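By letter and in written order, the chains are A, B and C; residue numbering begins at 1 in each of them.
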Amino acid sequence: MSVAGLLRRSSQPGAIKARSGADIPCRPRVRPAIVAFMIVLFTDFGGGPYLGQMRAVFARRAPEVPVIELLTDAPAFDAKASAYLLAAYAREFAKGDVFVCVVDPGVGGSRAPIVVEADGRWYVGPDNGLLVLVARRAGSAQAWEITWRPERLTATFHGRDLFAPVGAELARGTLLASRPRAVPAEDWPNDLAQIVYIDGYGNAATGVRAEVLAPENVLLVGDRRIAHARTFSDVAPGAAFWYENANGLAEIAVNRGRADEALGLAIGSEIYIETG
Amino acid sequence: MSVAGLLRRSSQPGAIKARSGADIPCRPRVRPAIVAFMIVLFTDFGGGPYLGQMRAVFARRAPEVPVIELLTDAPAFDAKASAYLLAAYAREFAKGDVFVCVVDPGVGGSRAPIVVEADGRWYVGPDNGLLVLVARRAGSAQAWEITWRPERLTATFHGRDLFAPVGAELARGTLLASRPRAVPAEDWPNDLAQIVYIDGYGNAATGVRAEVLAPENVLLVGDRRIAHARTFSDVAPGAAFWYENANGLAEIAVNRGRADEALGLAIGSEIYIETG
Amino acid sequence: MSVAGLLRRSSQPGAIKARSGADIPCRPRVRPAIVAFMIVLFTDFGGGPYLGQMRAVFARRAPEVPVIELLTDAPAFDAKASAYLLAAYAREFAKGDVFVCVVDPGVGGSRAPIVVEADGRWYVGPDNGLLVLVARRAGSAQAWEITWRPERLTATFHGRDLFAPVGAELARGTLLASRPRAVPAEDWPNDLAQIVYIDGYGNAATGVRAEVLAPENVLLVGDRRIAHARTFSDVAPGAAFWYENANGLAEIAVNRGRADEALGLAIGSEIYIETG
């Protein structure tokens, strides 16, 4: 039964009247709402066959759990920049959600696979600093080293062979064999004064939370001074500004332009904060 | 139980015989077919963390509804070109499907968020012309301005904060608080004689419906005259031609080559129709 | 109910103790595990509106079946290179899974649409060699030409109009009208000594299975000799090596660098095996 049909049975097109502020039924509610938890992918794969193979593991082991690709183009090989992104973007998610995090240049080497639980969210990934900021910013956190190993563990794709099964089983109720360990504690700053991500529009996110800045602060990138604005439409087309992005990071943009090209920004570009 | 197992129990490999034109059972039918409606995403995000965050909203609020990414690289900031693409591609979908459309350079400014119902399909997006062609081409259409606001509305990501929840609730049976308004009526042409999309193969779609052209029409792009062909394999490798693409738009291609590079085409390139 | 809450009811943060090697319950198990079969997409679309339109077909016809995008950027127009990739990556999947394969430069021409069943996995695609390696490497295989035609068959998008419906119905239990035919038997080598894929990190996969090589073999690309290593962390940053990738292919990489740029590799680059 189509929505239009349902609407039109009781009314003519254009004749729907909503009381101000009231919701309008437009379709029979088919199922009660449930608060689902989900598996959240955070990787630097940047395309290719890797996501699909991890998704196949989830579809096989936990077909009832939604899988979300939060970020698949995190800074390649760069666990440090990625750690600040992950901490900013994870805030949006709910207790019980399971993050499977693969920025893992040391795959196949000696770094351990770990699980971190931080404020009720679960994170699976390599012990290379990627999870240090979500742990540090949490009200409470605990960590385990994963001792479980799959029958087949390739040297180059622990995302599929190890992290995905651990994440799928976590989502279904079981932490596979693990032993408690200290939470990650790399000696990295609370905010990272560099560009950590450039999106499809050329906007450049920093690793600095906007909450540690004031709107009066000016960001210095190369020889350019970038002042604050609330959003794109508050500045002229072509003008550069910084703003609090939708995930709380200070981000540099150019209204209807590409900040990366206009300002020569790339992952790792350093920024300075003029506190004057 | 594997398909192969099922097949082989009653036959040897290679021994399956089909009556001409008859379907062949190969697996127990596990569930009756249902005609599902779906949530359809149409954005200019071009990658990054935005789709995932919108998908998280759908997974939380409407986990039972399939979500389809129809287009995630619509022309950036270009509501006009996108409007013609959306109208062409929406035709394939069914009554009851809900489109969440985010090509929104004015986000955070004064443009209103709206809902349009057109021939039974529902569209959520900004009031910047993006929905004008789906409304204009429909047999019947109606529109609402969304007055509902979320607890947290960021200045730069209404896709996640506003359009996604409205789309999810529409799919589940409720139009969140809204008031009727006129359907969008930007003064744009019925067909747009420019390139509106370039796909991964370098094929360049125009905003002109093939149904308003005749196969005898020649398209002029720069100083090149492009004649019609039915499909790729009807012209020599390396030859340029225009054809009716699978969604009804006139599209320019080069057999086994890239039309964008061969002809110097980009989003916004103007085309002319030789009616001679 | 949050995972953290569940854990904390019985323990303090940091106080969870795991018996060595034992799994740890962390959430009520919500549903018994099922071994689901899935629809697996293998295409050279490289983005754009094509995947979404095929997914819409699956969501409409087989909403209960998970859909996995295994590879969406197979070598464009290159059924031969793609055939070796598909055969390598399909190994990971289970009996009953249905592959919908669209590398189809001859779409709209005379090539037939076919179905191949090989060792219990099902493949739908064009008869252009794309399925020859999965058939050849199987213990048993059988093939059909698809005689079913949809009401609307466009000249350029059989992926949506023909292959997707056939795949969806296969997943739901029916091979649409087809007639038996010989399995594909293109006269192509068992392994393809060229680059068949370059991933987002710049790693370059060959069409040669590592199992036909010995670690002592050296690969020659241009004037460079590439020796074997087990994985990235076994060589110095910047060093080139070849390794058995996670799907069994010999792959050329540079630790924390891009092999494609460092070695001038592209799809189709020939490699030689030094057996000396």
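Heads up, the rule we're going with is that a contact is a pair of C-beta atoms (placed from the backbone, for glycine too) under 8 Å apart; a residue touches a chain by one contact, two chains touch by 3 or more.
All values reported here derive from a predicted model rather than from experimental measurement.
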Angle of the C-alpha superposing rotation, chain A to chain B, to the nearest 5 degrees: 120
Shared interface numbering between chain C and chain A [over half = same, under half = different]: different
Centre-of-Cα separation between chain C and chain B, whole angstrom: 26
Inter-chain centre distance, chain A versus chain C - centres from mean C-alpha coordinates, in Å: 26
Contacts with two or more other chains, residues of chain A listed in rising order: 73, 94
Chain C residues within the chain A interface of the complex: 1-5, 7, 13-14, 16-18, 20-31, 33-36, 38, 40-41, 66, 68-73, 89, 92-94, 197, 199-201, 230-234, 243-247, 256
For the chain B and chain A complex, residues of the former touching the latter: 37, 45-53, 55-56, 59-61, 63-64, 73, 76-77, 94-96, 105-110, 117, 119-122, 140-142, 144, 147-148, 154-157, 160-161, 169-180
